[in-house]
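Input: structures, listed below.
Two complexes follow with chain A in common, the first pairing it with chain B and the second with chain C.
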Partner chain A sequence: MAGDAHGPDGGDEHRKTGILSFPYSRRFFALFLVAILGGLAVRAALRPEGFGEIGFFRTGALAEEAAREPTLQGKGVCSECHAVEFAAHEKDVHVTVQCEDCHGSGDQHVKARKEGLPPEQGKMFRELAQANCLACHRRLQARPKLFPTIDIGEHFATVGVTDPATKCQSCHNPHEPLFLDRKVEQARLHPLIHACTDCHADSAIRTKPLPEGHVVTFQCKDCHAGVLADFKTKPHKDLDCQMCHVFRQDSEFSGRILKNGNPKFCLMCHQKQPFRGKGRIPQLESFEAHRNEMAADESEKQNRCVDCHGEEKIHTMHGPVVSSQAAEGGTR
Partner chain B sequence: MHGEAISELMGFVFPNEQHVTWTVMIVLYPYITGLVAGAFIVSSLYHLFGQESLKPVARFALVSSFAFLLFATMPLLLHLGLPTRAFNIMITPSSSSAMAGFGIVYLTYMAIVVVEVWFSMREEIVGRALATTGVLGFLFKALALFDLRVDERTRALDHRVVRFLAGLGIPVACFLHGYVGFLFGSIKANPWWSTPMMFIIFLLSAIVSGIAVLILLFYVISWVRRVEVDAPCVQTMANFLWGFMIIDVALELMQILSIAYQQMAEWEALQILIEDKLFWSHVVIQLLIGSLVPFLLLGLNSLVKLRQRTRNVLIFSSSVLLLIQVLAMRWNVVIGGQLMSKSFRGYTSYMPGLWDHEGLIVAVVVFTVPFLLLRFFDFMVPLFPSDSAIGKGRPS
Partner chain C sequence: MSDDGRDPRPEGLGRRDFIKLGFVGAFAILVPFAVRAAERAPYRREDYTWGFIVDLQKCMGCGACVRACKAENTVPDGFNRTWVERYTVRRDGKVEVDSPLGALNGFPEDVPHPPIEVGKSFFVPKLCNQCSTAPCVQVCPVGASYAAPDGVTLVDRKRCIGCGYCVQACPYGVRYIHPQNGYADKCTLCYHRITKGLQTACAQACPVGARSAGNLKDTTSRIRQLLNSSRYGVLKPALGTNPKCYYIGLDKEVV
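For the complex of A and B:
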């Protein structure tokens, strides 16, 4: 009967039976021994050559690693074929972000193109999801305060996006996120500035008065009070100064103001898009058509948005308050 | 990173903490390993500690332990980007690697269980070899190592080997699962994990989940085979389940109580973790539904005279709840520890996707496979003693 002897005391009378008394037990333990020895032999055979000679690694690994072809190509290699994207990328704020940070390593792509293989081979990853952009640009308390970060819900509400699945690149071109019309390094130097949200998580803090005894912070209104007072009377009054005048920190004390007159920058919010709600933000079907329609003569057909709408919709740009800035380059 | 859901954040979270990297697969790893250790200990209660009433389930417990053991590392391999590299911890184990230590403990335990299963099942294998012809018959003969002798002397020898290995296996089973607790307990930067208690709590919860899964399977198999559930057997398991769950839950609570009472800096953060981020999985599921309810039900079962039918309901529901409790405990440890920022001032969130590479469907499949394997084992060789009701009810 199966299991008859499986009691805790069963089989005591047979204690004298040796463990190797039967062929099956001898075979089993022989097999078991073979399995252990085999395992050790396999392990010895698989143990890499030179392992442990000078540390917990293969001695040959050093030379092997040194001889490996790098998988990352560097943006110089990308620029050889993608000159347009490279030129845009080089002048804008993503200049320090390598192409392969977003597109993935390019070794197979470059190899396939050099060998003239069909386009399907060595194809690079292109479609970026929100999560890819938000890996850097999500608002986190732990991020440097002047690094541009957003809360996606808040940002969509501000710019009138109603479809939460809208991809960042529907408005922002990752190759030139701000459509700067000059190189980042050529933008005007500016002392470090602070916003309430640098320290306070709740963005509603901006509308509250500074309490007595609050630490002194250098803010836009300290130098541009006149512009700000005028700005508060214009339709863009709910925006932060830095939403258009993006500040890029260079050091502990200073950075550069990347204010921008490129129409593409304005069109990030004002271009009609299927994912944007109607009504709150004026939207254009076509910037070129609008400009041609409104131009009184040929010279006005080159106008930028700020040339016509700056004073009326944003803030005074040519008055005495900003005369010193106008002398340096106006609304650039 | 591509296409991933964006986690909800609260407070100050460092950029590298937004994403929970140890997923539901790492929750399953200690859960399945726990079932291995727990099932083995039930088997040893009979083989070594003379719990005669557990005879109908002893061998089944051992084979269950083997089936779970075969898949204990599966979630880890699925989690790894390059699973083949896992074998490096066996080929070139580092003395300073906790995971390499697990590899050695796992292999030792596997060797013990394989030998014990073979000696414990030998008589049934021989029976199948004698009753089967053709290729299958040859395979059974090969599995019996071409020696089909079965008599009192061979039974005595088999029993001695099984008993010796049951004794040897208990400390190794304790190490196997305690070691999983050690892996978490030794991460000193994380106050939710870093406690020597983790070793003991993991071990006890392993025993609880192992007994619970065996009770559950025993009931299900009895119902499928339309035989009466062996009342003394389930009652003994239920008593052990009650005892072990009391110690387990008491230690789980004492661990939290000791941090709370010490009022160390980390308690401020852990309190929010428990009361907010883990409220449902820890307070509601693990403590109230998973611990308090089965404690009362099993207490009722052990202390009050009841009809067998009522007992069955109490024991079965307690087993299910305790399996959920231990799963919730693994979730709360593994995921909870990653939800809290090292700044102690912020939290992230995690919910596995349904169809993700490490999502819920994969988790369910990984957890189901050992049960299917058990069914296959039973199809090949009867897992229950033929003199027990459940063994007699085996479908031909």
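For the complex of A and C:
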């Protein structure tokens, strides 16, 4: 056992005199030192400035990343020049949509205008195709139920459009799609309305009567029975309440019914247009001409559609449950 | 004086009023500049830990975030720093995921199943998860991928050698090698915007307010309020990457 401890080669001599007495040791350590120093020199040369100061990275990279100028301008910048469009946009349902969502990035446009370059420079998208609107408003099964979506064929059938290539802008102004009278935020709060399709996948179920013992959901007729009964006798009877009283969901439990009495809203369907078929929907050549013709005196020349046609064509305007505060358009 | 001897000044706007109006007007014009200057106050990174929150109940898959990100960061064609996936869970339990062009043009087609077959369907926007313990940072051999002290995972473009280790290491697939410039590229959480007091490009563009970046160190920030008030999840929690990208209303099927 003792012989095994010294190893088979029996190197006792070297162990006694120390490792530096080995013929090549000094040279070896000198080389080792040179390698270390050389390594440090190479490291110093290759190591970029500021590396490792606050982490295993180059400190200057942070400032470089932060130094880039933003490309998207934001609607605040757009409003500096386009005040009219901005004012309309700010009160309607597209208030949360940035200008650049539809018009494209505005950096070149702003730069060109600030430097006084010709208007051809930095042109923005203007004429939008159906597909651009439908990117948000196409009916998809994955979309949230209360987000306003359409099936384009169904929608055109409802509003009497016969030309399938009709652009959305022919009726809807994208800056104020619903021509609201009041700001969206000032619209009255309203509890959530349930639709049959919240639970049932088959959309045709809406037209079927409730079966015996079906759970009662919160629907328009529960509170506005009087108005609805009257509405069912009037020409608009086939339309959903929400076609005009647009519901905008705010939270899990409530949303807002948007206030809407602007003639432009009615004219989206009732303005005479080449792309709309004749017959089913009464159409006006010119709203102003019609109003002036029908007005008995000067004061009536400011009338809106609902001032004359409201009770007669739509529904009684004073339902039994609408409180005075709600009628005033109570704010949050 | 005009012909009929009346004072030519318009009624209601005398000299005094005019000067007053001038002062008020000048002040009103200067206020936005002052506000902007205040917003550009030096950014102190030790005050921030950036996180991101996505509300899946609001997302309606329009792809505005994808387009905004592409424009803001000149992301090359065929690559995405953020994209939107559509999950369709059928009634028989089968899950399908699609994302045409990363939802660059939204979703032009509905899922090919009749509604009766679809149990649930929803959109999931994806982006860099800003992991607290990021695998991509760990594997970088040259210290080009790094976690900034304010919690954003970034790439030093000058330092990156384009080896692609980080692309493989990222469990969320958010990295790619830039086809022209050769460095690894990824969502920077719009570091150049958030450090200037702006929102990220995708969050600013979102028309339904489904996405936002925020300061996790500030208890009054919107992201903290949302995290305090809603039920949320993170992607692939079992990997221990501790993402700082939170999803409200996350489904178990989402990976």
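The rule is short, and it goes like this: the second predicted complex is superposed on the first by the 240 of 332 C-alpha atoms of A that agree within 3 Å, B and C clash if a C-alpha of one lies under 4 Å from a C-alpha of the other, contacts with A are read in each partner's own complex, and residues count from 1 in each chain.
Convention: a contact is a pair of C-beta atoms (placed from the backbone, for glycine too) under 8 Å apart; a residue touches a chain by one contact, two chains touch by 3 or more.
Since this is a predicted model, take the numbers as computed values, not measurements.
Asker: Which partner does A:I152 reach: the first (chain B), the second (chain C), both, or neither?
Answerer: First partner only.
Asker: Per the contact definition in the header, classify A:K114: touching chain B only (first), chain C only (second), both, or neither.
Answerer: neither
Asker: Contacts for A:P48 in the overlay, against chain B (first) and chain C (second): which applies, first, second, both or neither?
Answerer: Both: A:P48 reaches chain B and chain C.
Asker: If we overlay the two complexes on their shared chain A, which of chain B and chain C does A:H214 touch? Say first, second, both or neither.
Answerer: So A:H214 meets neither chain B nor chain C here.
Asker: Give one of first, second, both or neither to describe whether A:L62 is in contact with chain B, with chain C, with both, or with none.
Answerer: second
Asker: Please work out whether A:E100 is in contact with chain B alone, chain C alone, both, or neither, and reply first, second, both or neither.
Answerer: second
Asker: Is A:A142 in contact with chain B, with chain C, with both, or with neither (first, second, both, neither)?
Answerer: A:A142 sits against chain B and chain C alike.
Asker: Check whether A:K278 is in contact with chain B, with chain C, with both or with neither, and answer first, second, both or neither.
Answerer: Touch partners of A:K278: none, neither chain B nor chain C.
Asker: Per the contact definition in the header, classify A:T71: touching chain B only (first), chain C only (second), both, or neither.
Answerer: After superposing on A, A:T71 lies in contact with chain C but is clear of chain B.
Asker: Which chain A residues contact chain B in one complex and chain C in the other?
Answerer: Touching chain B in the first complex and chain C in the second, residues 48, 51-52, 56, 131, 134-135, 138, 140-143 of chain A appear in both lists.
Asker: Taking the complex as given, what residues does chain A use to touch chain B?
Answerer: 1-11, 13-15, 17, 19, 21-25, 27-28, 31-32, 36, 43, 46-48, 51-52, 56, 125, 127-132, 134-135, 138, 140-143, 152
Asker: Over in the complex, which chain B residues touch chain A? Could you list them?
Answerer: 1-6, 9, 11-15, 18, 46-50, 52, 55, 58-59, 87, 90-92, 94, 111, 115, 118-120, 122-124, 127, 144-147, 149, 152-163, 343, 346, 382, 385-387, 391
Asker: In the complex of these two chains, what residues of chain A are touching chain C?
Answerer: On the chain A side, the touching residues are 48, 51-52, 54-58, 61-62, 64-72, 74, 94, 96-98, 100-101, 104-105, 131, 134-136, 138-144, 147, 149, 201-203.
Asker: Taking the complex as given, what residues does chain C use to touch chain A?
Answerer: Going by the criterion above, the answer is residues 43, 45, 57-64, 67-68, 71-74, 86-88, 105-108, 110-111, 115-116, 118, 121-123, 143-144, 146-149, 154, 156-159, 188, 190-193, 195-196, 198, 201, 204-205, 207-209.
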